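I am attaching a structure below and will ask some questions about it afterwards.
As written, the chain order gives the labels A, B and C, with residue 1 at the start of each chain.
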Amino acid sequence: MKSYTLGEIAKLLDVQLIGDDQVVINGLGTLSGAGAQQLSFLSNPAYIDQLSSCKASAVIISEKFSDICPTNKLISLAPYVTFAKASALFDLVPFPISRIHPTAIVHDSARLAEGVSVAANTVIGADVFIGANSEVGAGITIGEGSTLGENCKLHNGVTLYHKVSLGSNVIIHSGAIIGADGFGFAFDGKKSIKIHQLGSVRIADDVEIGAGTTIDRGTIEDTVIGLGVKIDNQVQIGHNCTIGNHTVICGCVAIAGSVRIGEYCLMGGASGAVGHISIADKVQVSAMSLVSSSITEAGMYSSGTGHMKTSLWKKLIVRFKQLDSIAKRLKELEKSTDKE
Amino acid sequence: MKSYTLGEIAKLLDVQLIGDDQVVINGLGTLSGAGAQQLSFLSNPAYIDQLSSCKASAVIISEKFSDICPTNKLISLAPYVTFAKASALFDLVPFPISRIHPTAIVHDSARLAEGVSVAANTVIGADVFIGANSEVGAGITIGEGSTLGENCKLHNGVTLYHKVSLGSNVIIHSGAIIGADGFGFAFDGKKSIKIHQLGSVRIADDVEIGAGTTIDRGTIEDTVIGLGVKIDNQVQIGHNCTIGNHTVICGCVAIAGSVRIGEYCLMGGASGAVGHISIADKVQVSAMSLVSSSITEAGMYSSGTGHMKTSLWKKLIVRFKQLDSIAKRLKELEKSTDKE
Amino acid sequence: MKSYTLGEIAKLLDVQLIGDDQVVINGLGTLSGAGAQQLSFLSNPAYIDQLSSCKASAVIISEKFSDICPTNKLISLAPYVTFAKASALFDLVPFPISRIHPTAIVHDSARLAEGVSVAANTVIGADVFIGANSEVGAGITIGEGSTLGENCKLHNGVTLYHKVSLGSNVIIHSGAIIGADGFGFAFDGKKSIKIHQLGSVRIADDVEIGAGTTIDRGTIEDTVIGLGVKIDNQVQIGHNCTIGNHTVICGCVAIAGSVRIGEYCLMGGASGAVGHISIADKVQVSAMSLVSSSITEAGMYSSGTGHMKTSLWKKLIVRFKQLDSIAKRLKELEKSTDKE
C-alpha cells in the first residue's frame, strides 16, 4: 500500500487543495464506496447526491460543485483527468524482479538498451532491439528483427512475430498477438492459395493494446497503428489497416482488412467495419454496429434494432421481411386516395 | 479406455437399472452413433424414433419412455443430468505426470498446499497461494499475490495477473487471461490518459472459464464472478462487472464495463451488453443480441433482424431507413380516410 | 531480401513473359506503391488507371489488359492467383534455427519424424506423433496423444489439447487453442453440471487457422475441420461442428455447437451461426450476420440494418418496434379503401 499526505498529492497532481494538507491518503474509492484515508472524485454530475454521505477523506471536484463538498477537496478543471493521474500514484503492479531472468533465451544478435528487464522463459529472436527501460514479461516470444522503443511494457504471454516495430511507451497486455499473417488467399477455382504476408506491423508511441487482441501484418505494406491509440481486449485488426492517432477501439471490435480509420474516432464495443473502406476523423460507432461502407463525415453512427422481448421481436422480424411490400402498398394507397 | 459393468454404472449414478447388470460398458455414444458396449441417452423426445435402431448396450431414459427402449436401460428423472454425470466416468483427460516440474519457477514466498501439481515452464509469483489438489498446467503465469482454492484446474497457457482470487473447483481453459487492466482512460482534450486499474478479479467456487476468455480487473473495486458461473470461449468481461451466481455466458459474448448481471441468466453466443447497465435475474438474451439498456424483468430478449437472402435484405434495409416516413405517411392516410 | 531475374520468376510461376527477362526483381508492390525492381499485379479492373503511372519493373496482368501495360509483363489467366504464388517467392519468415531446442521438453514416448524442428520451451506430451518436416514454434504445448501430419507449421504459443489430430500442411497461428472442452452442461434445477467432453478435434490437410482462434473438442464424437479450410483470427468453433472442405471463415466468426457447414462456404467477418443447424454448400454469409436457422440453398445471406447516423437510427428503432402495428393498420386501411 502506498500513502501520501493530501498536500503531497495536490502538488503531484498540480491542483488546488482546500482543506487539511496533512491528512494521509492511502488509496482511491468511489463516492459511495470510499472510506477514511481514501481519495474520491466527482466527475459525472449524476452522482452529486452521493457527496453528502461520502466517507472519503478528500474528493477531486470541479470548482462549480466545490461548495457542496463536505470534506477536503482538490479543485480540478477536469476531475476525471485528475482522477486518472491520481490512479497512477496508487498503482501496485509488481515491479520486475530481475533484469534478465536466467531462463530467458536472448539471441546473441539482439540488443537490449539500459534498464531493460526480461522475465522468465521469454524468447527473444535474432536482431531484435529493445529500447531503454522497457519491461518484457514472462513467456513472451519476440520474433526476429522486431524493435521496441523506450519504456514499453509487455505483459506475460505476449507474442510479437518477426519485424514488428513498436514505438515508445507502448503497453501490450497478455495474449495479444502482433504480426500474424493477414488473411489473404487467392481462390483458383478449386482451393484457396495462400498470399504470403510480406509487410509487417508498425505501432506508434503511447499505444495500449488489450489482452487477446490480434493485429495482423500487412500483405505488401505495413499495418499501422497511430500515436496514442488505445485498443481494448480481443480486438481484431486485419492486414493493411491504418488506425489514426488517438482513436479508441473498445473490446471485441472486428476490423476487416485494408480499412483506414481516422483520428480521434471511437469504435464501440463489438462493433465492426467491413474491408477496404475509410472512416473519417471523429466518427463514433455505437456498440455492435457494423460499418458496411465508408463514412466521410464526423458524427455518431449506429446499426441494429435495439433489444426487446423475444415474443415481440419474433413478430417484428416477420414484419421486417414484409417491409418492401408495406412500403409499396402504402404508396399505392396514397395514389388511390389522392385520386379520389 | 475405462470400462465398467452396467451394474457398477447404475450404482455410481444412483439410478435404477432394468436389464443385464453384467454387460460391460466402455464408452458413451449418441442414439444414432453408439455401438455395442456403449451407453447412450434419450433426453430430447425429438430423437425418440432413433431408439428402435439404437445399437447401444444401454440407454439412460426417463420412466415415461422406458417401455419403448429395446435394450438395457437406466431409469432417470433427468436423463441429461444423468448423462452429464456418466460423462465424468469416461473422461480420459491425462493426469498430471509430476508434482512440481523441475522447470517450473515458483517464488520462494509462494505456498502450495498438499497435492498441488505444477507443470513445465509455469511461473508462480511472490505470495501466491494454491489450495490443495489444484492442478496448474504448463506455460502458465500466476501473478504476485494471486490465490487459488482447492481442486482448481488451470489448463496450459492460462494467465493470471497479480492479486486475482479464485475459489475452489474453478476450471480455466488455455489462453484465458484473468486480471488484465480494465479499459479506462480520461480524455484530456488531446489524448487519452490511462486510469490505472487498482482493483482485481474475484472468482467464486465452481466457475468454469473457456479458452481465450478475458476478464479485466476492476478500476477501484473488484470485478466479481459468482458461484457456479459457466463462461464459454472468447468471452470478454469488462472491469467492474458483477456476474450473478449460476449465470451461463456462451462463446464470444462481449460485456462492457460496470455491468451487473443477475443470477441464473443466459447470455447467448456473441451477444453483448453496453456499459453501466443492470440485467435482472433469469434473463435470457438470444445469440448476437445487444442489450443496450437495463433489463428489469426476467424473460427472453432479442435484437437483430434474422438472416435472409442478401438480395431481399438489400431492399429491406433501404425500406428500414424509410420507416419513420412510412409511419408518418400511414398516420396521415388514416387521418384523411377518417375524415371521409 | 530475396531476388530473382524476371525470367526466373516467369519460369517459377509458369507464365508467359513479355519484356526483359534479365531485369532483377527483389520484392512485390501494389500498382500505386511499387518502385523499381518490384513486381506488381492488376487483378481488379477498378485499378486499371494506376497502370500508366506504375513504377514497378513488371506487372502480372491478364492478356486482355496486356496492351495498356507500359512495362514488362507476366501474362496470367488468373493474375491474383499468380500474385499469390509470387508472394511465396519473397517470403522472409525466419527459418527455425535449431532442430530440437535444448529447452524443449519432449516426452520419451513422443515420436518425431525426420526434419521436425521444435523451438524453445515447447512441451510435447506422451504418445504425440509429429510428421516429417513439421515446424513447431516456441512456447507451444501439445497434449498427450495428439498427432501432426507432414509439413505442418505451428507458430509460437499454440496450444493443442490431448488427442487432437492434424493433417499435413496445416498452419496454425499464435494463440490458437485446439481441443479445449466444448461448452456442455446439464442444468439440474439449481446448478450446471459439467458434461465431460470425450471427443476430440480432427483437422484435415491444408488447413490454416488464425491467431487466437479456438476450436473445441466434441462431446462424444469429434469436431471436424475439412480439407483446405481457411480460418482467420479469433474465430470460435463450438463442439461437434463439421466444417466442409474449402470453406473460408473470416475473423471473429462465432459458430455455436453442433453446426454443420457445407463446402466452399464463406462466413464473413464477425458473422455467426446458432447451434444445431446446417448450412448448405456454397453459402456466403455477410459480415456480422447471424444465421439463426438452417440454410438449405446456396447463395448470399445477410442480416442487420446497415449503419446510419445515430440520430436517424434512434427514430427508426422506435418505428421498428411499431412495425407490427404499422402492418396491421395498413391492412385495415386497404380494406376500408377497397370497400369504398
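The criterion applied here is as follows: contacts are C-beta pairs under 8 Å (C-beta built on N, C-alpha and C of every residue); 3 or more make two chains touch, one makes a residue touch a chain.
The model shown is predicted, which means the values in this text are computed figures rather than measured ones.
Asks: Is it true that over half of the residue numbers where chain A touches chain B are used by both copies, so same, or is it different?
Replies: Since fewer than half of the residue numbers are used by both chains, the interface counts as different.
Asks: Could you work out the angle of the rotation that brings the CA atoms of chain A onto the matching CA atoms of chain C, rounded to the nearest 5 degrees?
Replies: It is a rotation of 120 degrees, to the nearest 5.
Asks: Measuring from the mean C-alpha position of chain A to the mean C-alpha position of chain B, what distance in angstrom results?
Replies: 25
Asks: Touching at least two other chains at once: which residues of chain C meet that condition?
Replies: Within chain C, the residues that touch at least two other chains are 103, 121, 139, 157, 175, 212, 234, 252, 288, 304-306, 308, 320, 323, 326, 330, 333, 337, 340.
Asks: If you look only at chain C, which of its residues touch chain B in the complex?
Replies: The contact residues of chain C facing chain B are 103, 105, 121, 123, 125-126, 139, 141, 143-145, 157, 159, 161-163, 175, 177, 180-181, 183-188, 190-198, 212, 214, 216, 219-221, 234, 236, 238, 252, 254, 256, 272, 274-275, 284-286, 288-293, 295, 299-306, 308, 312, 315-316, 319-320, 322-323, 326, 329-330, 333, 336-337, 340.
Asks: What residues of chain C sit close enough to touch chain A in their complex?
Replies: Spelled out, the residues of chain C in touch with chain A are 27-30, 33, 78, 80-81, 83-85, 87-88, 90-94, 97, 103, 119-121, 137-139, 155-157, 171, 173-175, 206, 208, 210-212, 228, 230, 232-234, 246, 248, 250-252, 268-270, 287-288, 304-311, 313-314, 317, 320-321, 323-324, 326-327, 330, 333-334, 337, 340.
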